[in-house]
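Next up: the structures, one after another.
Two complexes come next, and they have one chain in common, chain A, joined by chain B in the first and chain C in the second.
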Partner chain A sequence: MPAFASKSRQLRIAAMFLLPNFLGVVTFVIFPVVFSFVLAFTNWDLRRHNAYRNEPIDFVGFDNFMRLLFESDFVRYLGNTLFLMMGIPFAVGGALVAAMLLSQDTRAGGGRAYLYLLAAGVLIASTALLSAVGLGGSGMVLLLTSVGCGILVLGLGGGVTAYRTLFYMPHFTAGVATFLLWKKLYNPQTGPINTALRPVLDATASATNAAPALVSGARWALLGLAGLAFVWVIGRLRRSWADGDLGGGAACLSATAVGVPVGVASAWSFTAGEAWLLWVLAGLAVAVQGAGVVVRGRELRSAGAMSGVGTALVMGLGVMVLMFVLIGLSAVLESLPAMAAEGLEPPNWLTDYHWAKPSLMIMGLWGAIGSNNMLLYLAALTNVPQELYEAADIDGASRLQRFWHVTWPQLAPTTFFIAVMSTIYGLQGGFEMARTMTEGGPAGATTTLSYFIYLEGFETGRLSFAAATAWVLFLIVLALTLINWTFGNKYVND
Partner chain B sequence: MTSRPTATNESHAALSPQALPGAGGRTLRRVMSAGLLHLVLVAVSFTFVLPFVWMVLTSLKTLDEIGLGSWLPGQGGWRWENYARVFEQVPFFRYYINSIFISCWVTFLACFTSSLAAFAFARLDWPGRDQVFLLYLSTMMLPGLVLMIPNYQIMISLGLVDTMAGLVLPAAFTAFGTFLLRQFMLTIPRALDEAAAIDGASTWRIYWDVILPMSRPGLITLAIFTFMGSYHNFFWPLVMLKSQHLYTLPIGLLYFDSSAGQETNLLMAAVAMSVIPMIVVFVVLQKYLVKGIQLGAVKG
Partner chain C sequence: MKFLFSIVGLSLVLSSVGLWWSFPDRGSEVPVIYWVTDRNPAREQQVALFHDWLIDESIGETVVLASDQEVAAFHERLLPGELIEAIARSSPAARRLWGEDGLPGVPASLPIEVVVPAVVLRLDTGNRNTVKQRVQSVSGVAGDVMDLGAQDIPFFVQMGVLTDLTEAGTRMGFAPDRTWEAVVPAITEDGRQYAFPCNVGVRMHWVNLDVFDIAGVSPPKAGWTFEEFEAIGKRVVEAANEPGERQTVFFTTDVFVQTMHRSLGLSVFNETLTASDLDDERFVRVLRLKHAWVYEDHLLPSAAEQEAFDTQSGYGGANMQLFNRDRFAMLNLGRFGLIQLRKFNDTRRESGEPLLRLAVAEPPHGGFRNTKLGTRSATVYVDGRPDLAVYFPAFLASEPYNQQIVADADALPPNPRFTELEAFIRPPDRPEEWGVHEPFARAANTIAIADVHSPFVTPSEVARHLKDAEDGLMTHRLTPEEAALQAAERIDQGIRQTLRESAEARADHERRVELQRQIDARLARGERVPADWIDNVFYRRYYAEQGWLE
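Let's look at the complex of A and B:
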């Protein structure tokens, strides 16, 4: 457009382009936002303001917010939402692993003929294995091997693209259809999950009954592993601190994170009796590394007390989750002999109060590993400069070191973006699953904030109350996003 | 962005120290490691695919064979008529048409109006432009849930509850789309429209003949996002639709589950009919889809 056009002409032309979209955005976004904000401070309730009853609609100040925070199950539903969001780190980690698998070279140079031979060998072996397991004689062996065989043929022919398509299928189709599918998969009586689990659990029960000592031995081993993970983290933190990569404050923060499971294990009745093992290992690690700090000091000073906090926290939190898993498994083993004596039953999944949320998380994981996040990681992985890997190889870096010092930092912006988006979506999530699979139950166990807002606004008709809830949800989203942003920027720029 | 992830990795594999020893050992080692990789990939794919296998097989069984050990149909044979029975019970074809019709309209309107607005933000100089753009940006932060309740009341007062237009309109004007396309248009060299302006092209011609064709990748991305979002949309049709002949696929499925959900085989037939076309569409269009998704997140 010519630069000398008059201001009003500029505006006229711009308006012609802008208006169609602008009018729509004003009508369906900006006006509703204002409307919703005003609504949150009134007492509009369809049960009292309708064609039959017409009580006046008044401003009630912060009444809705007060009732929300103090007289409703808001906190509990927020807890449900956050609980379900604990699946996100696993989903993101899974997406990263999937992307790294898909970025490998699947073609073996020119050796495709060998690959086919290998494939045939694998197929024969797996068929033999399946028959040996006891599925022989039924059509199931044929079915499962032919599914595996089909995938392999697709993969050999189509390479990475074929696998990527298969990985991405659950996410691409995710929606009411797959939720209904999983509702049937989870069916306690006729669902295939429990049908497959029953023989496995029976075998576990008889094995446990036969050798209870083995089970309790495994329990100690798991706790020992958790303790060793703690030892490893403390040692690593001390070394990074001594090398000047890590500030003292950041190291303490990360060490506190891995200390949490130790405390939880001593407080938890299932593991309280064995937790002294953790304390001994943790105490030894702290003593040894503390002595190292005093005796050897540090070679280099770090930039500040909190420098390197991002990497240290990711490591600390990762190991914390691992320790929780190990401690949880050892708690399962603790109660296994008693349960096995009465025979093990598969869970009732969606209809069991304690299993409903984990069920939804498992389903979420199935749909979230091969997701858009995987595609983003895949794109980011191809953008990592090859020179960095070559430099790492020359320095003699191991595979793990290559990942930790080259790949992971290069992926940081992508991880950051994914973390921000997942948090935003996660807080608003759970509505579709609740509506199609569980109706928020059993006993409210799967009612998330979005489902709560739907219930209040569209089922009960408490419009103002629902609007107030939506705004509180927005504030939570905003707060978490800001936290993400502050920490994330620091981390990405580290 | 390279489209072939394997290409760079292969050149890298050739450089890695493991690949150096004698030629025969190298081939064998490569085949072994590729074989292992295939094995892992097959195992992972297997878990992703298995639910779909169960879905298809269950949809072909009789009701009383479900829950027995084998997934395959037994005495009852392969019941292809289950699919016909779904069509007898609910107007399933109608759901398809509704979903596709609505998604197409939403996609067309969103792409068209967003590209117009994005052009105004990226290419035109006018007073107040940056302020209006900031207003657009700030609306993107808001959760959709905040808007649902007032929007429903707006639909009531416009008389659009339980109509197709009521489903299309709120989804058709997106600040997100405008933002995405604006970012894309900013990467198109200014020299192009300046040259067109010197040749005497009107502003509309610059938009239509220069910028729009150049924005094709961005438009494809936006179209994919909008179409998928609309096709999967559940909340809005759920609250808006009362009459069966307007049901979209997700709402139709939910209705079928509540009316005939006990008949797992029929429900799985319905689920399969809504999932399989999507898989086919993905396989056919995946080149564009994958690039579009990767591009959208980088720009957006």
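Let's look at the complex of A and C:
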């Protein structure tokens, strides 16, 4: 048999094997995608256009898109989606921490068993102490403590495998089941979270009422810390710039990011009165480092203005989040004495407009920490060359320096991949949570774009409008992915 | 590898054939139809009743078995278990076709006449979700008989997936005149019948007389105003709760904003259903009142308190359990609440506790007494076997079915005639319930009004906007004025969108808008309005009562 005949036969066989999959992709992926694109420019409504009711379908140009932007709640629901996505950096960070912890050997031996037992003892002693002073009456505190102890002891016996299984459990537990579980956890009166929070809040209220001026005054310390974080970043940026690790543009971008919280604090009514402290510290930092730039100049030139932008952005955004947290806490401290005077109540998680979104975010965080991201990080951690750690040890690097200069850069490609995928999933997600836990409420607080598409498509029947929304969502995903790609690639290459 | 793939492929094909072969429908020579309904033990009983009714009405094949050979041939027929059971139940002679052990036998005396029903009805409780039903309907795979709520029927009619039952209803005895007058707008569209009620729900307040006694307050009268409701509610809540402690007793579970604004003469839509009427001082007043009842007077639980109660334990959730434990003085529910309340009383009877002492009160009103009327109705899908499925609504109008609803207390029976029976008014084995059944039937006849739907906006969209507005108020994000405006604007926005999409709808809308101008002009001049100008079922009732109709 000639060789080409044999090859052609092989190709035919290969094609036959590929055909079912190919047909599946064409039927269930390519056709719906193309069809939905066409649909977005029509007036297709399930009530009037289906196999039983055949009104003519009109092309309406960009009407659906215009309505989306100007008439619907699209922007509001996009805001909800973006708010929920604010949990992504914490989720990625949590997955990394989990992966690092889970790459340690926890099995008993080598003195570790005593450490775990000691930790368990401290927990139990704390609970006993709380009970003794009348704050630990809640069985839930005891339950949480015993669960904590149980997990520690599990690690002694099963080692890291037991922990990995435990951490990964949220991922392979059915979504709806976990949502219902969380709904019970969030119950305002009988839920374990509020039951555990109540004694803590009572104690906080008592302490605050004992020294309200002290608590109120502590907000200055938090604002000062936020200001010092700004000072640290600016100093760090200037040194990196001087060493040639950072381009001028990248340094300015990072500095702008940390400047945002200062501006927000000035505009926010809760902190506007105290924001001058931030301005003073920020002004001093900029003046001092600016003088440094002028007087000392640069030792080495960087490759370009945007050189090192990835690292600079990670640092800038990280500190920005930290500053926001500190500023937010300072606002809480300012209001705390007034709130504590009437007693502090735990939140009505899912029924309060302002708490509903954070509630879903916390739940998402719980699921995301023990997810595929953690597995990706675990795999990536095993690929970090040991020689780099040995070299760092020889150079006398601390644990933090080992992480920052060896582990973190080596994990950059994985982090980039996780960031891209998390952004995509974040924009598309939230449907199951909204449907199961809150039905998008209260007052639309937890309606995400995916849930909005479902409502418009299947509850209202406006399939063309739902398709237009889906395509706009796609464009947003694409734009964010491109941004991620542009800056992320720089970061990875740095 | 290719052999492995081929074997896998072949196995899949064979499995598919096996699966198809094992379909329940293949085990029956009688056509099988499916009833998409909710999960409820009573449904199985109703299916059995349906088969019995088919036999009683001789709807099917009448077979005379005169010889042993004919009996043997009958046993050879491919009849599903539920039909065999129904045939065996139909007469003592038919019962003898099977032995005590249930195995086929030959009776001593022949001939025997049996009826093999024309259709087998099977339950489909996994697809009751409305969205699923919509998607399945347009995909050609919906159930033959579908239970739909009153708010869903217009959507399905617009999709063109429901069989027009007008002629069949007249011919087979389930025309709209066989059910409650107030239900008719919910089962008809443009004068055509598309459904028949499985049951009829009228919302009233179940009254726990013990809580009123403990509080030393007289129970409410038949019709009470907002002011009376508030005054009595405050006294009950004050007397039943310890001062300074967390509130554990509430006056009632909920009040419907829609019922309240209707009592002030305001509907969601205008007379011709072309726009929302909700941006109105009367709606603002109702929202303000409800907000005060929740957050100032604490007559009703807030969403957070409701969430805290929500244990989902038992039928009807936590509210019924709390009502049973004197935590609610009243429970806003239909007659179907008795399904669970009876269980409470059975438990109390077993444990020697005093039984729940019940009464029924109307919703509070602002002048025009009314209450919410809903229905779970059976519709017939256009595809499949509508010729056979149409027997089901006929069954719903029959005596056995209505008697069963009367006995089960699953809301009101579809046929009002059965509420006049002694078995409904005074169930012999439930003397503690005497006096609570009649108010529901009376309300259905006098003050109950179905929800109003506009052909220009879907009911689910309207419900979403109303809920959003009320949520916005209750979460303190919107003032009552803002909430009213938001609800009206969003509903109107939905209407505008439909008009943009459909030329047919635009033409209809323009015609109605013109009519609306004439109605407004007449009302402004203090003149009466022709009844057939008014499409809004609420305004038609309201205007008739006010004497504003020609």
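Everything that follows uses one rule, which is that the second predicted complex is superposed on the first by the 429 of 494 C-alpha atoms of A that agree within 3 Å, B and C clash if a C-alpha of one lies under 4 Å from a C-alpha of the other, contacts with A are read in each partner's own complex, and residues count from 1 in each chain.
The rule is simple: contacts are C-beta pairs under 8 Å (C-beta built on N, C-alpha and C of every residue); 3 or more make two chains touch, one makes a residue touch a chain.
Everything numeric in this text was worked out from a predicted model, so none of it was measured.
Trainee: Just to be sure I read the superposition right, which of the two partners does A:189 touch: chain B = first, chain C = second, or both, or neither?
Mentor: The answer is both, since A:189 touches chain B and chain C.
Trainee: Which partner does A:240 contact after superposing on A: first (chain B), second (chain C), both, neither?
Mentor: neither
Trainee: Name the contact category of A:289: first (chain B only), second (chain C only), both, or neither.
Mentor: neither
Trainee: Tell me which partner A:271 touches in the superposition: chain B (first), chain C (second), both or neither.
Mentor: neither
Trainee: Kindly classify A:13 by the partners it touches after superposition: chain B alone (first), chain C alone (second), both, or neither?
Mentor: Touch partners of A:13: chain B and chain C.
Trainee: Between chain B and chain C, pick out the one touching the greater number of residues of chain A.
Mentor: Looking at chain A, the partner in contact with more of its residues is B.
Trainee: Who does A:458 touch here: chain B (first), chain C (second), both, or neither?
Mentor: both
Trainee: Just to be sure I read the superposition right, which of the two partners does A:63 touch: chain B = first, chain C = second, or both, or neither?
Mentor: second
Trainee: After lining up the shared chain so the two structures overlap, which partner does A:423 touch, if you call chain B first and chain C second: first, second, both or neither?
Mentor: Neither chain B nor chain C is touched by A:423.
Trainee: Let me test your reading of the model: by the given contact rule, A:444 touches which partner, first (chain B), second (chain C), both or neither?
Mentor: In the superposition, A:444 touches chain C alone.
Trainee: Where on chain A do the contacts with chain B and the contacts with chain C coincide?
Mentor: Correct list for chain A: 13, 17, 187, 189-190, 458.
Trainee: For chain A, which residues count as touching chain B in their complex?
Mentor: 1-3, 7, 10-11, 13-14, 17-18, 20-25, 27-33, 35-36, 39, 98, 101-109, 111, 114-115, 118-119, 122, 138-140, 143, 147-148, 151-152, 155-156, 159-161, 163-170, 172-178, 180-182, 184-185, 187, 189-192, 195, 366, 369-370, 372, 375-376, 378-379, 381-383, 386, 389-390, 393, 417, 424, 427-428, 431-432, 435-436, 450, 453-454, 457-458, 463, 466-467, 470-471, 473-474, 477-478, 481
Trainee: Applying the document's contact rule, which stretches of chain C touch chain A when the two form their complex?
Mentor: My answer: residues 2, 5, 131, 134-135, 137-138, 140, 155, 158-161, 302-310, 382, 458, 460-461, 464, 467-468, 471-472, 474-478, 493-494, 497-498, 500-502, 504.
Trainee: Which residues of chain A touch chain C in their complex?
Mentor: 13, 17, 43, 45-48, 50-53, 55, 58, 60, 63, 67, 71, 187-190, 348, 350-353, 441-445, 455, 458-462, 465
Trainee: Provide the residue numbers of chain B that touch chain A in the complex, in ascending order.
Mentor: Residues 1-2, 5-6, 8-13, 15-17, 27-28, 30-35, 37-42, 44-55, 57-58, 66-72, 112-114, 116-117, 119-121, 123-127, 129, 132, 135-136, 139, 141-154, 169-170, 172-175, 178, 197, 203, 206-207, 232, 234-235, 238-239, 249-250, 253-254, 257, 261, 264, 267-268, 271, 274-275, 278-279, 282-283, 286, 290, 293-294, 297-298.
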